[in-house]
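These are the structures, in structure tokens.
Look for chain A in each of the two complexes below; its partner is chain B in the first and chain C in the second.
For the complex of A and B:
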């Protein structure tokens, strides 16, 4: 079974509080977390900095409760885009962007949502839960996103803090469910304190509130998170879905002590292998 | 539990079907209140659970038959019993509860089972020597 993961832990400046968050997440049973670095383009010109390596930040990672492995920490970048010109940063092959394990985008308008689902090279599309959606979801871009392997992310921590956010979270989630039929959903926290984290089964139960079935709700915390990490591990030129289209042959996945490795064959008989930073237990 | 038997024609073929897993579900929960303030007693704890249900599911949710079977004030852990149809509502209400008397708190659901006896053993706390 895919291990539980929480793909959104905001990266704070305080190292001690992040360590506390990691320990709580490991105690609750999460096998992997992703430290989120949010870039909002509305503010002054922001540079995309290189991600801080988790091994530098946290010298000793806590052990996940119930297993003997340490929690895996990934890096994630979220771009809040409110203007089509912001997408150019993604399209340009900035070297710093590819260093992040997962790339997420937060579209603010319907047109940007369409662009994010159909053309942008991202792994996650964040759905706003703190305010009423300014646009309605339409079936064509959502179906294209599902085919491309993009996942929609819902947050649950705003629902814990405030009752109006609770209503917006549930109503936005229900309208998303009606269009996507429960596929490709990832539920994650945006917890800033250890008390705002919830256990993986609690979060899976929240999925039932949003209208998912039991299997889909559990997958939203485990299988879909792992699939989003896999999607992020392969860049656009080597994307697994494009591998099939370009008839590059995926030979095998091998699991070693260091993790999951994927081996595939490129044109002209070149063999290529790359480590996939996921935890699959 | 409702059983239904079906005997075959010639051979003694018998099939038993359990339709429902029991009318109650039991949850072992623990309230995390990190600050060193006053701890709720059992009546306040029940009041907290009912108010959590009311906040999320309204009056109908607050009317859900929930019982606190045991409560330990020292560790703030309790065993709750709820009708099986109301398990999702109770669990989601406890998950989304964030504040107790303006203090940050969190409910951790440790075990849940349709059988009370199953709450006695917890394989997560198993220590293998």
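For the complex of A and C:
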């Protein structure tokens, strides 16, 4: 069974408050969290800096409730794009981008949403939950994104804070569900304080409010998050994906109700299809 | 064996907060009001009316922050989906921000009790690892050894009775 993950913990300046967030997340049962560094190109020209090293920032990581392992901290970069010229940064082979574990993009217009789903090399596409969607989702780009292994992210903290945001979140989520049929959804927090986090069981229940089925809601907090993390770990070169950290060659992987399954090429060209173990990351 | 329509669900949660004084607010009236308010905000009058049937705070422990809620089987989804929206507990004009973490949903009090004992045992084990002196270690080990479900410890009260006085006719 895949562990629970929260892929959006905004990176704050205060180390102590980040430590508090990590401890609460570990107490609630999250096995992995991703520290999110957001870059908005609308503001003054921003450079993509190297990601912080979690081992430097947090000398001691808390143990996850219910297991004996420490919580895993990944790094994530979110690019807010409102103009097609912003995409050039992703296309250019900037060395700093590849250092992040997960890359997400937040498209602000319909054209950029289409570009993000079909061509950009990202792992997550963020869906706006704080205002009325400026465009309708269409089936073709969403289906292409699902085939490419890209996941759509919904945040839940705005819905908890304010009732108007709650309505926008539910409307936008349901309109996405009608197009993607509940596949490839990831629900995460964007919590800035420990009290804004919610346990994985509760987040799965929130998924029910967004129109997901029970199995889909649970996957949105567990297997889909891990699939997005794996998507970020591999670099696509031609048709074969190479696992960065060791020599095994991964041909493809898919996320099903029973978990993550991967097709590996073993030495001497043997093919085998087996479940991705939790420790493989 | 109760009638299928009267079957209940027991939701076990823990109150998580940053301020230790929030424990003073963990009492049945305050928790019940906070949960009902969250249901009303999220599901409106319909949800509040559905969940109110047989809704009660069955057990709570202010020291560990554990709360056991009961509701009808037909409306437990409305209740569970509203629990993440509880943001504070208010009692005697004091309010403290907090949230509820759902631990377990069971059909009987006994299953929730078994889960709670296992959960507390795991918490004690983690506490044991972070003990700093021998005295604390001995206390925690003693508590660990006494963690078991005995007949006397079963929560008193029949699970089937309807305390809200509704008659079936």
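Quick note on the criterion: the second predicted complex is superposed on the first by the 237 of 281 C-alpha atoms of A that agree within 3 Å, B and C clash if a C-alpha of one lies under 4 Å from a C-alpha of the other, contacts with A are read in each partner's own complex, and residues count from 1 in each chain.
Simple rule for what comes next: a residue touches a chain if its C-beta (ideal position, glycine included) is under 8 Å from a C-beta of that chain, and two chains touch if they have at least 3 such contacts.
Owing to the predicted nature of the structure, the values given are computational and were not obtained by experimental measurement.
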Side-by-side fit of chain B and chain C on chain A, or clash: clash
Which of chain B and chain C A:160 touches, first, second, both or neither: both
Touched partner set for A:201, first chain B, second chain C, both or neither: both
Touched partner set for A:41, first chain B, second chain C, both or neither: neither
First (chain B), second (chain C), both or neither touched by A:63: second
On chain A, positions contacted by chain B and by chain C: 28, 65-66, 156, 160, 163, 166, 195, 197-199, 201-203, 205-206, 208-209
Complex interface listing, chain A residues touching chain C: 20, 24, 27-28, 63, 65-66, 156, 160, 163, 166, 194-195, 197-199, 201-203, 205-206, 208-209
Residue numbers on chain B that touch chain A, as the complex places them: 32, 34, 55-56, 88, 91-92, 94-98, 104-106, 108-109, 124
Chain A contact footprint on chain C (complex, rising order): 16-18, 41-42, 77, 80-81, 83-85, 87, 97-103, 122, 126
Contact footprint of chain B on chain A as seen in their complex: 28, 65-66, 156, 159-161, 163, 166, 193, 195-199, 201-203, 205-206, 208-209
